[in-house]
């Protein structure tokens, strides 16, 4: 009896190990998400300061030409400085003044420029305009820089704190939805950097990937599943190759891209075109394998029915089997695309890792991709970039979650349709 | 239900085991009893052998199939009746390991020849399967598919005519007239099978092969399909494989009894069911095995 | 140019369609009219595209002079098109097997798509082999494989200190395996135990709830894991070490390996799950039937039966860990360090490939070529691991099928 008791205790313990393992896996998942969200959620807001800008004719257009080509050379920064002086008057000394102006992001003057370019008639008027605050101010407002730390450990000193207090008391410093994050490319200043450039780069690369790997993958799957002769050495070799490609580390595909696409074919470095090519080679096995599974699950009676009516093999496959398997193939393709979207190693190798401010316009412009942007920002120690990295990760994860749920939805629907 | 269309390892093994068993019984089944010839044959099969890999599934079967007759093929599971049926329009081509030898003549042309184009052949010799297998398309498209791929209709009006006509002859038109665009799979089992028959008729075949067409249906649906087969014989030659002896007795003019890949006996249906000549046929008819 | 061919193709389609429609008035056709039209269009377009491509290849690689005859190219393409089109057009008769012909073309196209997989493998193989070959011309392969000192900066000046340009890859291999080993220590037990629990103990509802959750771990991009390692795991490990009085590098192998382990958990658990489920029920029932507890059945019957499959799965996971790049690039060290101490920073093969190739580089320096040599090693190691693993798994499956 004693023996039985200890055996049962063992049983309990074993089961506990299992539960424990699952709990560890799940809690790691939770920690990961919580840490990223808690680091990143504040990045969806940005701090702006309202400045009373005087679009002074003297500064902008002393000769009253109203000609943008002349106006654009004017000193717009002066407008910003004047406005700052107006809200916080009486700051003396060059050093102090510089410190004061540094509360405003250097993007402010470009914003004014754009405003004037848009409407040249604005010259001579006075307007209250919200401009971006400097990233340190942003961090302070969001509470990432603690005000009660000793002055030496803060990036914002006591005087700056006082000025910010003035702004706060006038209610002209406020958090807005972070438009910059979604409308700008990379920047050396965290408050001016955004993920649009990387998103467009990813979009371009994925478009290439989709256009290439979807038709080729499906053609391959259809051939191997429906037409390929059985027990053929060549076909076996093809299958072995596909399975191998699925297991080769992604970085090797980057080497392939570097040696063949860049050096041999002379394609441009850092271009989404090459990125898309490399990613499509990587996603092909995924698409082929899942498309074959989808074709396999089509009941053979459907094909038989068509053959029995005198349809040729090709007609039976393309008019009956493929349409039924198509949702399953879409599922595989979406999963492949999701993998490609999250992939970064091969893109590093083909040079899609660079500081690129401009939004790419074509497939051959230098660009980065979203995961690469994350990698670049993660390398920057500034607090403002840590926050933006987490935000970029959240955006990436939202895309992935969306794609994967779409795939799951399609699969569920497909399974229901077949049965 | 035992599905003979699926040629599994198990199935083949079973055939082989039965062979051995039968050698012990010492009953000769290699000679066919009865009259294999008819006056006005549509199809003449001569010395047909079918192999699955190394294993023999049909052993030297010869039989004529007459014009506008319903020939029923009966026999225990694994006896090869479905395999033989599938030779008649070369559906066995779809099974990799299956090899067919011998001659099958349709209008003086040997359809087992390699160069025979199976596409027009299958248009002439249509097939209805054991389980209703409508395409996952609308009822209309199900019937219109055959005429479309064979280019039987020159325009939409002609196509409509073929579709309505086929549905009418399959006795389905009244039931589906108002929902031709709903999917074929939304019909009941019996309706689905009649849809498959309509689909086959639409190609205007000369011969229709039916592989246990009622085995997946309830008695009422079965009765309807049987009635349909009876009517169709006016215009078509029909070969039907069936599990149910009563069904063979009800719908067919001639009956062929298969056992372990051999055609044991063939003759007029009444004769087979009342005065079978072969001992095995008698045992089967009287329900001693099967 | 392609646009013109497309236009010609469309007109070819209508020509073929028309002719076959006229024939159909009097005679039966083998194939429906559409096939005749499509065949005509496809045939002649393919022929002219082929001409174009062949011309361009010859012009690029053999006869550059052909460039001056470009205007004839358009003319030639057009002639080829009309020629094939007329040929096909004349073939259209009532018994012409247009469908069979078109289907042959379709199958050929599908076959060539399938062959792409072979091309890619050959491409990978050639590209790493060629560049490595160049590398081994300067650095002997023995020095590369068995040297213990790695510092790939080639000296710019003769007297430069600390930049010896040594290419001994052993520290990279040890670093790679150290991190992969740590990862497997995490992922192996956790993945296996959760697979066992989910397939043997959990109710269906729990299973359906937990499984997708663990699969989320597999779907997270590796760059996210890298970031997680840098901002959460590495500081946590360093602080814990400080409290215990151990000095741990902020880019310790432990942090990288740990996070990589998390990444691999779902991989291990899904393979183990498959393998465990493949164990025949009667084995399990036999054990339970003589009064063994569930855990005894699992440990004494199921795991031994499933062992080959589990080992195969673990090998696949190791291969994945060795080839993983982003986590180690972000969380592991940059400089080669021959050590087995998980608290120190080590570097890996993939990290060095990235370091050597990212940034400005001239393509023929040994530094760049070294990356390809490392790629070659990586390629072979993962290939061999996969081969063995798949072989074991297949053998195992056959045993129970």
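We just call them A, B and C in the order they show up, numbering each chain from 1.
By definition in this document, a residue touches a chain if its C-beta (ideal position, glycine included) is under 8 Å from a C-beta of that chain, and two chains touch if they have at least 3 such contacts.
These numbers were taken from a predicted model, which means no experiment stands behind them.
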item	value
Chain ID, smallest distance between chain and overall C-alpha centroids	C
Per Cα centroids, the chain farthest from subunit A	B
Centroid distance [mean C-alpha coordinates] between subunit C and subunit B, Å	49
For subunit A paired with subunit C, centre-to-centre distance based on mean C-alpha positions, whole Å	22
Separation of mean Cα positions, subunit B and subunit A [Å, integer]	60
Of all residues in subunit B, the ones touching two or more other chains	119-120, 149-150
Per-residue multi-chain contacts in subunit A, two or more chains	312
Residue list for subunit C, restricted to those that touch at least two other chains	99
Subunit C partner contacts - residues on subunit A that touch it in the complex	7-8, 10-11, 13-15, 17-22, 24-26, 28-29, 31-32, 35-36, 39, 215-216, 219-220, 222-224, 227-228, 235, 237-238, 241-245, 247-256, 258-260, 263, 281, 284-285, 288, 312-314, 338, 341-345, 348-349, 351, 353, 371-372, 374-375, 378-379, 386, 389-390, 393, 396-397, 400, 404
Touch list for subunit A against partner subunit B, complex	230, 299, 301-312, 315, 319-320, 323-324, 417
Partner subunit A, residues of subunit C touching it in the complex	99-100, 103, 106-107, 109-111, 113-118, 120-121, 123-124, 127-128, 130-131, 189-194, 196-198, 201, 210, 213-214, 216-217, 219-228, 230-232, 262, 265-266, 269, 293-296, 298-299, 316, 319-320, 322-326, 329-330, 350, 353-354, 357-358, 363, 371-372, 375, 378-379, 382-383, 386, 390
Complex contact set, residues of subunit C against subunit B	24, 29-33, 97, 99
For the subunit B and subunit A complex, residues of the former touching the latter	89, 91, 94, 96, 118-123, 126-129, 131, 133-136, 145-146, 149-150, 196, 199-200, 203
